[in-house]
Amino acid sequence: MSTTTLEPSIESRVHYLNVSYGIKSWLLTTDHKRIALLYLVSITLMFFVGGSAAVLMRLHLIEPTGALVEPETYNKLFSMHGIIMIFFFLIPSIPATLGNFLVPMMIGARDLAFPRVNLLSWYVYIVGALLTLSGIIAGGVDTGWTFYPPYSSNYSHTHVMLVAFGVFVSGFSSILTGFNFIVTIHKMRAPGLTWFRLPLFIWAMYATSVIQVLGTPVVAVTIALLALERLFHVGIFDPKLGGDPILFQHLFWFYSHPAVYIMILPGMGVVSELVTCFSRKRIFGYRIIAFSSVAIAVVGFLVWGHHMFVSGQSVYAGLIFSVLSFAVAIPSAIKVFNWTATLYKGSISYDAPMLYALGFIGLFTMGGVTGLFLASMAVDVHVHDTYFVIAHFHYIMVGGAVMAYLGGIHFWWPKITGRMYPDGWARFAALVIFVGFNLTFFPQYMLGYLGMPRRYAVYPPEFQVLNVMSSAGASILGIGYLIPLIYLTWSMRYGPLAGPNPWGAKGLEWQTPSPPPTENFEETPVVTEEAYAYSKEEA
Amino acid sequence: MSEHQATSGVLDPLAHQFDDLEQQHEASYFGMWIFLATEIMFFGGMFAGYTIYRHEYFSAFEAGSRLLDWRFGAANTAVLICSSLTMALAVRAAQMGQRKALITFLLLTIVLGMAFLGIKFTFEWTRDWHEHIVPGINFAPQGETLKQLQDAKVALPHVELFMFFYFAMTGFHALHMIVGIGLLTVLTIMANQGRFSPQRFNPVEGSGLYWHFVDIVWIFLFPLLYLIGGTH
Amino acid sequence: MWSGFPLRPDQASTIAEGFDHLFYFETAVAIFFAVLIFSTIFYFAVKYRRRSPDERPAEIEGSLALELTWTLIPAALCAIMFYWGSSLYFTNSRPPTAALEVFVVGKQWMWHLQHAEGPREINELHVPVGRPIKLTMTSEDVIHDFFVPAFRVKHDVVPGQYYSIWFQATKIGKYHFFCAQYCGAQHSSMIGWVYVMSEVDYEKWLTGGVRNVSMAQSGAQLYQKLACITCHGTGRAPAFNGIYGKPVKLTTGQTVTVDDAYIRESIIEPSAKIVDGYNPIMPTFKGQVSEEELLQLIAFIKSLGTEETKVAKP
């Protein structure tokens, strides 16, 4: 342990943050760690834009007749919330920030295989985000994030083209990231780092990248066809001109269901790292967790039709999609059981990242078991397109992916910035978020079961009590997200120095100083043991 | 370090993140295949749509296919196959370190690519415009064309749908050709500056893969668009 | 205050009864696993909390027996839910033959409904209790979705297509129906009420209003008005008698069944599927007949008899 709490050491040593200064040194960087920070800032901005839309929606729904805005505006708010949160926050969240920062370090490489492609992907993301934001500023879009025709192609009078084009462009940023990771993980592992010695985060990123590379182009071409239809009034999806609107739904969900796994698989990877570190245990069932990530990625491509049980697809197609949807639940369940078993006879500490990880396991379980309702066709008929679905995917996406993202940020923050944040505040924030989240979304399961459809600007009065509960939770949740923003920013300057490995964690990224030097390691590490060898004594 | 990387990366025979040239070569070659997997899915979405409507509006698609002039398609197929050959020869020349041959074959490939686009844009699409069979903007078949469609007893909107697929698929294909020609132009300039050697020719090899891929897409497009109507 | 806070939706149809059994089963499974995971995590987190900073727990490799247990038990439960959910779905998606028919057209942003007997309604649907009702639905513009929570039925209403749902109400009362597929500005106002009435009340309601013209009769009037009669049945175009539900051969050699979708297509896009032996001379009626009139024409053609029961009428 070379670094203690000696103040000057961090300043005197050259690392990736102080190697060069000025705007240009950031905007033209090809260092994966700096690009990760560029992404971190961008997606954080987008998160708060999308989040404020959500807060407005929840405030509006306090009254059955709508407390705040006209239905037209409400429709734009939920569309904006969905589009920004999915395409500009959740999909890039863990891969583009933590993944970008950690993939090369975890495998002992100096950078990703294609550093300039990596920078390009950020610029592509920014162009996509600016296009979408300009569409929103110009007046917004009211199609929902799903862009279903013929509404989106022939009926909506809002800025569909601009926003859809932004989404189209941002897809390529996702493709480039996935492409870079696949090549890097295949070709650039350090000596001795075999596939089954890789941290499970890398397995998860690998599975994610496969989906990004194979799924995203399909939604790109689908959106392109939709744009051509809107522009030239040809009837590829419009039934009035011989087209089939159901075809759009097939193509759209062919990407957008696997996209859910782009969001959650990296979270599962993060949780595997956190649970092992804070219980000082080797992961229970390493290979099974690794293979379950791959299984989820593969089977996840074959379940899209469960979004269409009531849309008019054949009942026999529905049968196949239903059985495959149940099948994809099983590897997820296996992961949950293995994480839980990892705790058994461990040495469990309650640091903030661990609280997020435990929160993840619980909330993901609830999101997962409610997914079973949606996979069984007869039940889906009733809860489809109601708040039940909203609650289900927020339990997965917010309770799952965002909790894991925050846990990961808290875990690797000392590595990224070289400084610690105030632990008490971090645990407090984790608790506030957990409570606020459940208060927001649990009532929505009940609302959906009672029959309240989603995307309703006004609703019958019997649903009011649950809606008010949900709105109250949302305000707690909103505050919960602001707390880390404040203390993490504070810690960048005033936090105590962290040292190379404050958690006593395994993994190559902890064997280099914090913040790491530009090329990550002084010399390429050689790996001689399996991941998570926590029972071995510290060197 | 990073600044050096940004300005002179192309010149470096070995980028800093790789251990040796072999690793760098393998990474770029493998990367190209991953990229092509993305491309296959991109075109795959359109092929899926095509398949569904072809099944749904079988005779309209056949009639639509007969509106196209298969001779343009056939000529372009020949042009593209030749260009794949010259591209392969260019890669071989790069491998052998024959700079002159490399430049010649790259230029030949560019010329053939331009010929393809020339036939497509100036002859074929112009003809389609005059025949009023451009979907969305100018779709109002007249005279002979209209009679032909009426004889085939097919609904005009369904023929328009076929024409839409024809323009969307060949349009995206042509876009890929334009990108390819751009790539080859850059390669030619780099070759002229002597930046390739038998040790480092990844960009030529990668662009070659891309060019062959675009070619193969056309090999599928040609029969599916021009030939499904049977004899004329 | 809790009167405005229901925990369960009304259960008012035969489908709802079957649904609720499965839903309760799945809720039980969900609660079991959620409680299992939450309590295990909590128990482990307390019991194995770190007691000293340099504590090193012993290594545990994993266990095949455990892995198999927690793979096979969830798999078995999933298999049960899959079988149960699918068989119920199949039953629910087949309307009984003796159902009363109601035709539904969704448009931005209202529901037009017409009973086969003639009465029309907007955003309201009156049905008798204890009899199967079949709704045949289509849309004039974008995709809508007809959803009755108390009956647990829902289906997208797609322009250019006919989809059917059915239900048999079990409880007299007044229940919400919603549009569940986002359809534009006033999506959330596209809601209405189903009135489930006793058989007697329903009969009263049916005959109570103005003199009813059944849908088939309206269709017959349209048949005259649109001058279909000049060709159909004269040899220039196929006759309608007894044609409904029957397979016909097309000029392309394919065979189609004369159903709602085929009749609709033949009016809107006459040249798409021509019956063998005829010429494509019929003009399109696209834009001239509304979705509701289309449904009336279909009801008329249907009333001319199906394959089994040929009725010789106009």
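Some notes on this structure:
Each chain carries a letter (A, B and C) given by its place in the written order, and its residues are counted from 1.
Throughout what follows, a residue touches a chain if its C-beta (ideal position, glycine included) is under 8 Å from a C-beta of that chain, and two chains touch if they have at least 3 such contacts.
Computed from a predicted structure; not experimentally measured.
Across A-C and A-B, it is A-C that has more C-beta pairs touching.
Farthest chain from chain C (centres taken as the mean of C-alpha atoms): B.
Chain C has its Cα centroid 45 Å from the Cα centroid of chain B. Distance between chain A and chain B, defined via averaged C-alpha coordinates, is recorded as 35 Å. With touch defined as above, residues shared between interfaces to two or more other chains in chain C number as follows: 269.
Residue positions 242 of chain A are each in touch with at least two other chains. The residues of chain B that reach two or more other chains are 57, 155, 157-158, listed in rising order. On the chain B side of its complex with chain C, the touching residues are 57-59, 150, 153-155, 157-158. Touching chain A in their complex are the following residues of chain C: 1, 4-9, 18-19, 22-23, 26, 29-30, 33-34, 37-38, 40-41, 44-45, 48-51, 55-63, 66-67, 70-71, 74-75, 78-79, 81-82, 84-86, 88-90, 92-93, 108, 141-143, 145, 147, 149-150, 152-156, 158-161, 163, 176, 178-189, 191, 269.
Of all the residues in chain A, the ones that touch chain C in their complex are 71-72, 75, 142, 144, 148, 150-151, 155-156, 239-240, 242, 245-246, 279-282, 284-286, 288, 309-312, 315, 318-319, 322-323, 326-327, 329-330, 333-334, 336-338, 340-341, 343-350, 358, 361-362, 365-366, 369-370, 372-373, 375-382, 384-386, 446, 449-451, 453-462, 464-466, 534-535, 537.
Note for the complex: chain C touches chain B at residues 251-252, 269, 271-272, 274, 280. Every residue of chain B that touches chain A in the complex is listed here, in rising order: 1-3, 5-6, 9, 15-19, 23, 26-28, 30-31, 34-35, 37-39, 41-46, 48-49, 52-53, 56-57, 135-137, 155, 157-158, 160-161, 164, 168, 172.
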